[in-house]
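Input: structures, listed below.
In what comes next, subunit A is part of two complexes: it sits with subunit B in the first one and with subunit C in the second one.
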Partner chain A sequence: MEAADIARLIDERLGAGTASVYEDLEPQVAIAPERLVEACLYLRDAQELRFDYMRCLTGLDLPPDAMAVVIHLVSTVLKHRLILRVETSRERPSVPSVEGVWPGAGWFEREVFDLLGVDFPGNRDLRRILLPDEWIGHPLRKDYRESRAFFNIPTRRAESIRVVHGSVPPAEEG
Partner chain B sequence: MDRSILQRFDLTGGEMLLNMGPQHPSTHGVINFVIQADGEVMQKAVPEVGYLHRGMEKIAEGMTWAGFMPFTDRIDYLGAMFANQGYAMAVERLLGVEVPRRAEHLRVLACELNRIASHLIGLGSMALDLGASTPFTHAIREREAINDLTEELCGARLTYNYARVGGVSHDIPSGFDARVKRFLDRFLPFVDEFDRLITRNEIFVKRSASVAVITAAEAIAHGLAGPNLRASGVDWDLRRDEPYSVYPEMEFDVPLGRGERGVVGDCYDRFVVRVEEMRQSARIVRQALGGLPAGDIQAKVPRKIKPAPGSCYAAVESARGEMGFYVVSDGGPEPYRVKIRCGSFTAMTIIEHKSPGLMIADLVALFASLDVVAPEVDR
Partner chain C sequence: MTGATRIGGPDGAIVLGRVEEMLRQTSVLERALNLSRKHSLWYYLFATACCGIELMQTGGPRTDLDRFGMVFRSTPRQSDLMIFAGTITYKMARVARLLYEQMAEPKYVIAMGSCANTGGLFRDSYAVVKGIDLFVPVDVYIPGCPPRPEALLEGMMRVQQIIQAERWAVARPDGRNGPERSR
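What follows is the complex of A and B.
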């Protein structure tokens, strides 16, 4: 089933304007954040869709004012795939959690929260997962600047290493 | 400051709170389990990861498309070929490059050898964790032979950096096919011996059968992948169900957990499925080698890779299940975003769910049977 067909099915079920096709190399189905959980439950449970397996959930920083969460789904029963796209504001990025639909999504959401700062209301354990609790900022944001030090440990060398491409330093005489 | 993980526990009943890790022989790398236990029985085990986070996805954004390839080796150090191939496939799809058939055969050959090597470590260390130390030495001896082969193939024993965007780095050296065949001839009897040594060992069976049973529904809901998913009886293998490379031309079976000594989806099934997968991989290696076509090993790819703006997802069936790369290009010489999806990451998510009521010693069995590689979780 193509992305356009699935977007049409979601619209039929949840009202026109819920889903639209986002053209890309692999077309995605864009969904409004406030209808995401309903749409996911429908995608998982409908007999003709059966998207039971969430293979990947990730975030994208799209400055100046948007962020996107991209969810890759597949059906182990019907063997077709789908990519969902949820756009949110960059000021206060927030996307409802789909942990209740696919329990495995919980950790993926924690990672997006950790690295991009997207809030996932409904996630029952939204803490940093890869970085330490004390970390400041969200590294995968395009405007991220690394702190000069972490617990007084400098994060940069005093002198930067200069890499010279394609040349070998001359051997010393003697 | 209190660790945020402590918010997850309520110890008003006088239960013990234990750290298993981050340095612990059976956590295979640096992973911590915070365990709330009443005696030997766990009420909850919450994994704490991130100790090996190297910011791979951030690093990718600061280098060229081709330059990221050696970093993919370090995602899963027991299965670097899969990461190489997955990343190469993702970039090739962005570029619309067709890979020469000889290169595809070589990738399949290398990946399946790598799968055997990875499963040998997984199986050997699971036996080791459950108290049998000899099988590990046997397994690692055989793996050593594979390391020798990959060293001949690409110069590296662990971090192969073998795939290139549009091909592979080296063709096979002369006499390589004969040496691979000699290895395979010896390897299949070895697997039978391994079965006698440990798979059918009554103590091992008692220790792992019917322990930490993961049902098919749980496995799917938590996104378990690869052998862990198939051990729960879910017939899903990307090599067959989402065909890539030259796998459609290969003949192989997809072994499933049958619950032969306990219940479908127990630790024993996860072990047996991997043993059987090694036999199937050996079959594929033979076919990939036998049908090796002549021709180039590298497609024509621009020297400076600059894919048109867009995104795509490519996944391979790694030794630890689905390894996917979601790559986004903004048209520039550097990736805009690279997301790496790994089997170990999702395998970790099921541990907290399965832990209540499990013995602490059985957490070791569950964790070993999931064959988690810590750097793959943290990337």
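What follows is the complex of A and C.
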């Protein structure tokens, strides 16, 4: 089933205007954040869709004022796939968690939170997953600036390695 | 004499009370001590990236570190040498520094490969340390991406040279016990 057909099915079930087709390299179905969870439950449970496998959940930083979460779905039963796109504001990026729909989404959401700073209300354990807990900022944001030092380690090399020639005397016998 | 040993010398006897005194008097013993230390250079298995594969290969039968008395240890507490084989992230640096601090003096560090030297290929990453000498003192840098086993062996033999050149009789500027390095 194609993205346009699925967007029409979602509209029929959840009301016109819920889903729209976002044209890209592969057509995607765009959904507003506040309708995401019910749409995902429908996509998972409807007999004609049966998206039982969430393959990937990732995030996009789209300056100056948008962020997006992209969810790749696969139906292992009906052998079709779908890309969902949820846009949110860049000021306070927040997308409801789909961990309750596909439990595997939990750690994907933690990664998007870690690197892009998107909030996922409903996620049971929204902590950093890759970076240390003490990290400041979200490094995959386009305007991320590295701090001068981390754990007292400078983040920049002031000079190249100073090779001291002859610091080691020639090997002795033995 | 009470408990001290007398050995003969050209201008009479040398009284040996403490080991330090003995070392102060005879450079032959110093050399013998360094010789035995450099031929039991136990290195800590610490591999964070592809350099670790070359490290394993260097311990294998072709390069055969065993013939130099170099064997790997799985704990820093039994190791003399720490080889940073691979990329170090800030998250790992905290752990690596803790492991380094667990090693007993005298201890030595090799920065193996471009990543450990300067961050290498990944130096533009927000997560990678731009050279391990930013958080531990390094004795030998080995260039390469990754260095061949021959290069690592050369670096380890450089550490042997450092050990052989150490003087036990010289007081260390930091006031601690052990050999002064000729760096």
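One rule holds in what follows: the second predicted complex is superposed on the first by the 158 of 174 C-alpha atoms of A that agree within 3 Å, B and C clash if a C-alpha of one lies under 4 Å from a C-alpha of the other, contacts with A are read in each partner's own complex, and residues count from 1 in each chain.
Everything that follows uses one rule, which is that a contact is a pair of C-beta atoms (placed from the backbone, for glycine too) under 8 Å apart; a residue touches a chain by one contact, two chains touch by 3 or more.
Just so it is clear, the model here is predicted, and its values are computed rather than measured.
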Query: For A:G106, is the partner it touches subunit B (first), subunit C (second), both, or none of the two (neither)?
result: first
Message: Applying the document's definition of touch, where does A:A66 land relative to subunit B and subunit C: first, second, both, or neither?
response: neither
Query: Does subunit B (first) or subunit C (second) touch A:L41, or do both, or does neither?
result: neither
Message: Per the contact definition in the header, classify A:P139: touching subunit B only (first), subunit C only (second), both, or neither.
response: both
Task: Using the touch criterion from the header, give the chain among subunit B and subunit C with more contacted residues in subunit A.
output: B
Message: Let me test your reading of the model: by the given contact rule, A:L131 touches which partner, first (subunit B), second (subunit C), both or neither?
response: both
Message: Contacts for A:A4 in the overlay, against subunit B (first) and subunit C (second): which applies, first, second, both or neither?
response: neither
Message: Looking at A:F151, would you say it contacts subunit B, subunit C, both, or neither? Reply first, second, both or neither.
response: second
Field: Overlap of the subunit B and subunit C footprints on subunit A, listed as residue numbers
entry: 131-132, 139
- request: Would you tell me which residues of subunit A are touching subunit B in their complex?
  value: 24-26, 52-56, 58, 60-61, 70, 72, 74, 76, 79, 81, 83, 102-108, 115, 125, 127-134, 139-140
Field: subunit A residues within the subunit C interface of the complex
entry: 131-132, 139, 144, 146, 150-157, 160-161, 163-164, 167-172, 174
Task: Could you pull out which subunit C residues touch subunit A in their complex?
output: 31, 35, 90-91, 93-94, 117-119, 126-127, 129-131, 133-135, 141, 157-158, 160-162, 164-165, 182-183
- prompt: subunit A touches which residues of subunit B in the complex?
  reply: 1, 3-5, 7-8, 49-50, 53, 55, 57-58, 61, 93-94, 220-225, 234, 236, 241-242, 310-313, 315, 322, 324, 326, 328, 337, 339, 341, 345-346, 348-350, 353, 378-379
